[in-house]
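Next come the structures, one after another.
After this come two complexes, each holding subunit A, first together with subunit B and then together with subunit C.
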Partner chain A sequence: MSTAVESYGADAKPRMGFFTDTTICIGCKACEVACKEWNLIPEDGRLWTGESYDNTSALGANSWRHVAFVEQRKPLKLDGEVAALDAEPLRWLMESDVCKHCTHAGCLDVCPTGALFRTEFGTVVVQEDVCNGCGYCVPACPFGVIDKRDLPRSPDDAPLALPIFGKKEDGRVWKCTLCYDRLKGGHEPACAKSCPTDSIQFGELDELRERADKRLEKLRAEHWNGARLYGNDPDDGVGGFGAFFLLLDEPEVYGLPPDPVVPTAHLPKLWLNTAVAAAALLTGIAVSFFGGRE
Partner chain B sequence: MPSLGTSFGRGGATDYQQDLMNSDCITIMGSNMAENHPVGFQWVLEARERGAEVVHIDPRFTRTSAMSTKYIGIRAGSDIAFLGGVVNYILENDRWFHEYVRTYTNARVIIDDAYVDTEEADGLFSGWDPEQGKYDATTWQYKGMQVHGSGGSPEEGVKGEQSHGSHGGLLSHGDPPEEDWDLEHPRCVFQILKRHYARYTPEFVAETCGCTVEEFLWYADTICKNSGRERTGAFAYAVGWTQHTTGVQLIRSAAIIQLLLGNMGRPGGGIMALRGHASIQGSTDIPTLYNILPGYLVMPHTEHYGGLQKYIERSTAPAGWWGNADAYIVSLLKAWWGPAATKENEFCFSWLPRIDDDNSHYWTVQQMLKGKVKGYIVAGENPAVGSANGRAQRLGLAQLDWLVVRDLVEIETASFWYDSPEIESGELRTEQIPTEVFFMPASTHLEKDGSFTNTQRLLQWHFKAVEPKEDCRSELWFYYHLGKKIKEKLKESQDPKDWPVQHLTWEYGEQGGNEEPSASDVLREINGYDDHGQLLAAYKLLKADGSTSCGCWIYCGAYADGKNMAARKTPHWEQTYTALEWAWSWPANRRLLYNRASADPDGKAWSDRKELVWWDAEQKKWTGHDTPDFDEEKPPDYVPPDDAKGPDAIAGNHPFIMQADGLGWLYVPQGLEDGPLPTHYEPHESPFDNPLYSQRANPRRQQNKDLEEDPYNPVAGEGGSELFPYVVTTYRLTEHHTAGGMTRFTPYLSELQPQMFVEVHPDLARERGLEHGGWATIVTMRSAIEARVLVTDRMRPMKVNGAVRHQVGLPYHWGQRGLVTGGAANDLAHMALDPNVHIQEVKAFTCDIRPGRRPRGPKLAQFMDELRAEARAARATATRHEPEETRKT
Partner chain C sequence: MSITERGTEMQSYYGRPIVKEPVWHPEVAAYFFTGGIAGTCSVLHGIGRVTRNEGLAKTALYVGAAADIASPILLVKDLGRPERFLNMLRVFKVTSPMSVGSWILFVSGGASTTAALLELTGRLRPVKWAAEVASFLTGPPLATYTGALVANTAIPVWSEARGELPWLFGASAAASGGAATTMFAPRRSAGPARRAAILGAVAELGLTVAMERRLGFVGEVYYEGEAGKYGRVAKACTAAGATLLAARGRRSRVAAAAGSALLLAGSAALRYSVFKAGFQSARDPRYVVEKQRERLREKTR
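Let's turn to the complex of A and B:
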């Protein structure tokens, strides 16, 4: 429904997306850097976090790809002679997170200016020259992806100025565009292009889902510990992700919500409740004005 | 890479990274391939997805371990013990590839009666001279064979770095004098090997390396299972192997295993040497090293200088491709001095510089410290951060008259005179440093044309994308215009010492407003011309009569037929998997070296599954998926006649054509400084005794016993060793490049790893009171640095000789400059070196770690003085004496 690429008529394209396969992610962060290079995103601060090798910590206005690192005392595979040899199993999960480009996108639903829109590829993009920085979309994202870019906090702070715009930032919201400009030109997004192991796979969503099912089947046959798909189900709370994942543990382990629901899904019920309340109120008023007259 | 050079004939990776996908078992050891070669690592993952075992054996659990099918933790510096255990397992359990070993290796060769093994002499080979601290290799030779060296001179032949190609031995018509094809003669290489490794049992491995017996046995069985006719296994290594005082012998251990299992020269086999920089292979092929000339020709030496004829005699092997060394050197001289080089003046051979000593990097630093070096040009390096013992490096720089640094940014080496740690501590004062520093901004690879020779000997051309900014210039520009200016100044000189410069060929096209010299003109000169000015197609066409010129014989063919072969960009999906039309690799565009060995002695593929190159009996030539690494028309049953010389003296079933006997060398009779076989020694600094011998460390390692700036931690058995109880190892991260000049100044990379940290196990953190996210100070006799504490299970404690020992992990990218700064790990390291290649031992030494930040300002110098005094006093109470000091063998 709200993918709505049909509104493009003859210009509509097959829905494009990412399948991020964490079993072949080597945690090189080339996706983070390529994304920043292509999209001219400012540096996101030089804070050492101590969170394994992750110093990006989360997606935000200035980080549109984020590689999570999770160290676990668990075996990578559950069967076979190798697993039996490991008295103290250890594995290091790496996952490159990104905007999910939801089928039902909360950010898009609540945007009052029309800055957020659904592209002909079925992706969700902010138009930076339309966004007025109202920020309604920020709490509407069940993943905490879309984010306002901070203004300089004090006169001493260097302004987060981008030379290309020639003006101070900014207060607007920013997130992954699935490299809309590159797609327009027939290129794959920068992160997928730079991924040396094809952990980030770009393509038509239908085809990616089939590929992911086969991949999961193979991994299960090989007894990979905890292999599962995340966001591939069109019936989930956001109608399925345009960018979905193959994980090796519960989504929470990677800092992902286990059962994301688009907040606007509650709108009809909310409006109904409001209507009922309003009706009750009106009835009450009417009764107080007219009912009591004797 | 003398280890690969002496074992197989050429000092380069024997394989190419794409071929790893054909492997059934990849052993990654001494390398963190996923982090440091992430692009090439895709082929390892491809192999894993096809069902191959990927085993990572390393002191640390890294991103490579995370992607492997099995990780085996061993303590830093115990690799030879582990690999020696594998050799023993193969021999004891009869898992070696019989036909391959008998025919293609020197297992059958009988060794000199006087050879004495370390197993008989408590850790020393025969020929040890305690006075000189060196070996005389005479007794290591094939029985009945002379050491290869010029008559009457005392030297022991081509050694060390010069043996990137082993240059063979002095074998007439390519056959060792005495052999036993049954491999039963007690002095044949096979039996010597058996005795040498007999004590490397699984239990010995587990106790010495800190892994379990079960893990070791699983691994040994796994690589054996994945070798043979139908299957192949590969090794990938990097500086985790080289940067030890036993580094060369460590790589030799892998060579022995790969020869015994028959994995050399075959698809999915080989030894993949992973080099660290974009063109580090190129910088040894066309060397920035002091002791070799382009194409691994040896540098003339003062000691046995006797003109061109003597040089050729010394460089030429009677058999194998070094038999044509005369053509290579004469063509090189013609490339450099053109018409001035004539037969009458020995092609200007006397104009070449001659070496008279070790002139390596660390030796030079020592001379600086003694005030013997006036000027220094540093290009593409940051020794103040990237070289061992940073303090000694910087104190050395402060003794120079002048210093030129060429880099993208003002790195620590250029700024030491006003912001180094020694300025902070007061050991150096800016106003007292005489060094005049010139910083020359360099252009990046995007701002110039040129080629990289990558880790797999592949020359890949890149094109300039943008003009360099302001006064940034390419290296080529710098040296070309410097040369022009010097030539101009010397134009009128009548002094014969200026002739070499006056006559040097220096004609390259200039382009653009910057007068950038043409990089393709340079590649053409390297490729070489015939006497009609036509570009040569292959090194076989080189002649010794002065009719050809060639700047580097192994690169001959890179510009064949006037076409820049390095610039070919046909993608792999438009051709066969060997991708022979993508760029160009030396030699002769061969991708997999020694590939004659992919066929059996009769010239047939060992199996359909592993076919690569074979003898086509109808067409009477070698053919296959790769360029054959063999004389194309030499049949497998060719037997050289008695008077055959050079390549003609190599038999049709001897695949290692650079070796004088055409064989893979399990045992290296000459070419190495520290022995014909690898044997386990402890690192120069180690908290452990050598479980095998009273000789603790490599006796031949280079030490600086009298150098005040390079003090050593007390070791096992010495007083004060308890002051430095932990093993420390240094390494790189994906996010940064070596000494940081290219990454610490870049926001997008700096933010990914913004601070120096130290990795420790939770148990060590408890033992030393270290807090995750807090600060720690790491201490050696050289220096003390601070780092943020990263507590992680990935740094496993090791149970060694019954006791649990901790290891400390330190990335080495940071210094005092850049967007992100931090302590330089190399400040902690010492300058004891491997004797063959003079490389530092930064992968295993000892340290202490304490909670909190380091002393600041003058207090740091005071702290270090007190620590050194304490350690020296403790050592004096119990000093260790090694056999190396007194025993002659």
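Let's turn to the complex of A and C:
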């Protein structure tokens, strides 16, 4: 459950992350496109949802950035003058969601192969040459970010060898890597690079947190309705996000959990409980040996 | 958007789920069942040996070994990349019940099948004894860790039941492992297995009811859909099987076999009910949001 950046010794880098300021998101989806292009993410079907401008719907194995669109009958500002002008208020919230790169990451904790690891930048990444597709990380993420990719079989696949060898369909889990390859080369992640309004800001986490505090102060002074930071608190259930947000409403309005907790926070107690249950099972069976053989 | 029981409107993003549904196939639920049988049989076999109940010991050894052979096959089949199954033994991580469980299954399954093979061939007695001891020690955790595995997720109905699940899976393991051994053991030596099965079945029923009650609204999924259907099957079969075994299991070979079959069906249905409940719980964002809102209200109070 540690962030484990210390284990890199001299190679450890400052913790990098995203500050996604949704108040200046214009819903252009350049982040979604740039992410798909850079990371060679396959197309996974198109479906018209009727949910505002959102046909991506959720983060998943093939969507590592997801722009949420929320249409609300609420005033954008609670300033008396502005509200009076707004006879029938309507605001359009847009938020580019992404993997939170948690300080205490459920996916990383439960991964049994060590495929998921903590990089020298403090981010959480899957090694696709190690992942065996056990799928444990999928329900272990409190945000529903990581998912298994199933691609249709290609006609080139040898039919008989499929179960053991040469399986070309995917079967592994995928999520945002915070563009680990670009970071290694000294570049910012593709989504942040492509964002035309700087709604997605990339940088050292400590610096981003300071910047976010100032921004929130300004928005509050301007009476923006519902402005709040989400995921900036190092004492929350996941130890703070590496990628945090400035929102204009409750997290659940954007499809985010209001109080996420890493599952492994309960694990020490759960292990103890499991051991006691095992001892009880042993005792119960031993007791059954009283009363004769028949 | 959905309306909660308390009459307050819960907000959501077009009613879409927040946590992801598991990607596991029914093989995983089947493994919870076979792993439970294997774990219980290891213990029945061990104590049977020590108390010189050879009929019971041998039956439990072979039944357990069969379940131990089936278990990794089911698990490998569920992997997205089955050819990489050995990566499970690449590391040992105490933060991952699946990692710890893979090692338990590796040791326990290996020991049970080795002991069974050596028993059949009558060779290498010291090795057989060592394997029997290893199998005995790793049997109980093999039966209960699967409860910890599902409880250690972000799925509300699993996570919130972390107090009960290892116990429930352990009880269900005693019921099914005891039943499987009773079914095949000679009548004159099956007593301990039968009593373990009845004891496990009673505990399984009690724990199921206790869990469903304590979960509150998060436990609603146990009354709906497939989780509800298989939950009812589990209760009916387990209650009937335990009654039959307790009333007639000692005298009648037929009653013992029928009662055991009912308990096996009940235990398998219970695992599938718990398995499916996780999917249903993930599908509705209400369980995630309301539980967390409840927690936040308690924190600020």
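Basically, the second predicted complex is superposed on the first by the 256 of 294 C-alpha atoms of A that agree within 3 Å, B and C clash if a C-alpha of one lies under 4 Å from a C-alpha of the other, contacts with A are read in each partner's own complex, and residues count from 1 in each chain.
Keep this in mind: contacts are C-beta pairs under 8 Å (C-beta built on N, C-alpha and C of every residue); 3 or more make two chains touch, one makes a residue touch a chain.
Just so it is clear, the structure is predicted and the values come from calculations on it, not from any experiment.
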Subunit B versus subunit C as contact partner of A:L78, first or second or both or neither: neither
Touched partner set for A:C134, first subunit B, second subunit C, both or neither: second
First, second, both or neither for A:R91, with subunit B first and subunit C second: first
Per-residue contact with subunit A, leading partner among subunit C and subunit B: C
First, second, both or neither for A:I24, with subunit B first and subunit C second: first
Which superposed partner A:D44 touches (first subunit B, second subunit C, both, neither): first
Parts of subunit C lying in touch with subunit A, wherever the complex brings them together: 10-14, 16-24, 39-40, 43-44, 47, 51, 53, 55-56, 78-85, 87-88, 90-91, 93-99, 102, 139-141, 143-145, 147-149, 151-155, 158-159, 162-163, 166-167, 169-171, 173-174, 178, 187-193, 195-196, 199-200, 203, 250, 278, 282, 285, 288-289, 292-293, 295-296
Residue ranges of subunit B in contact with subunit A within the complex: 34-35, 38-39, 41-42, 45, 49, 61, 63, 65-67, 69-71, 212, 214-215, 218, 733-735, 747-755, 757, 772-773, 788-790, 792-794, 796, 819-820
Of subunit A, residues touching subunit B in the complex: 24, 26-30, 32-33, 36-37, 43-48, 50, 52-53, 55-56, 71, 73, 76, 81-82, 85, 87-88, 90-94, 196-198
Complex contact set, residues of subunit A against subunit C: 1, 49, 51, 57-58, 60, 68, 70, 106, 109-115, 130-136, 138-148, 150, 163-165, 167, 170-173, 249-250, 252-260, 263-264, 266-267, 269-271, 273-275, 277-282, 284-289, 291-294
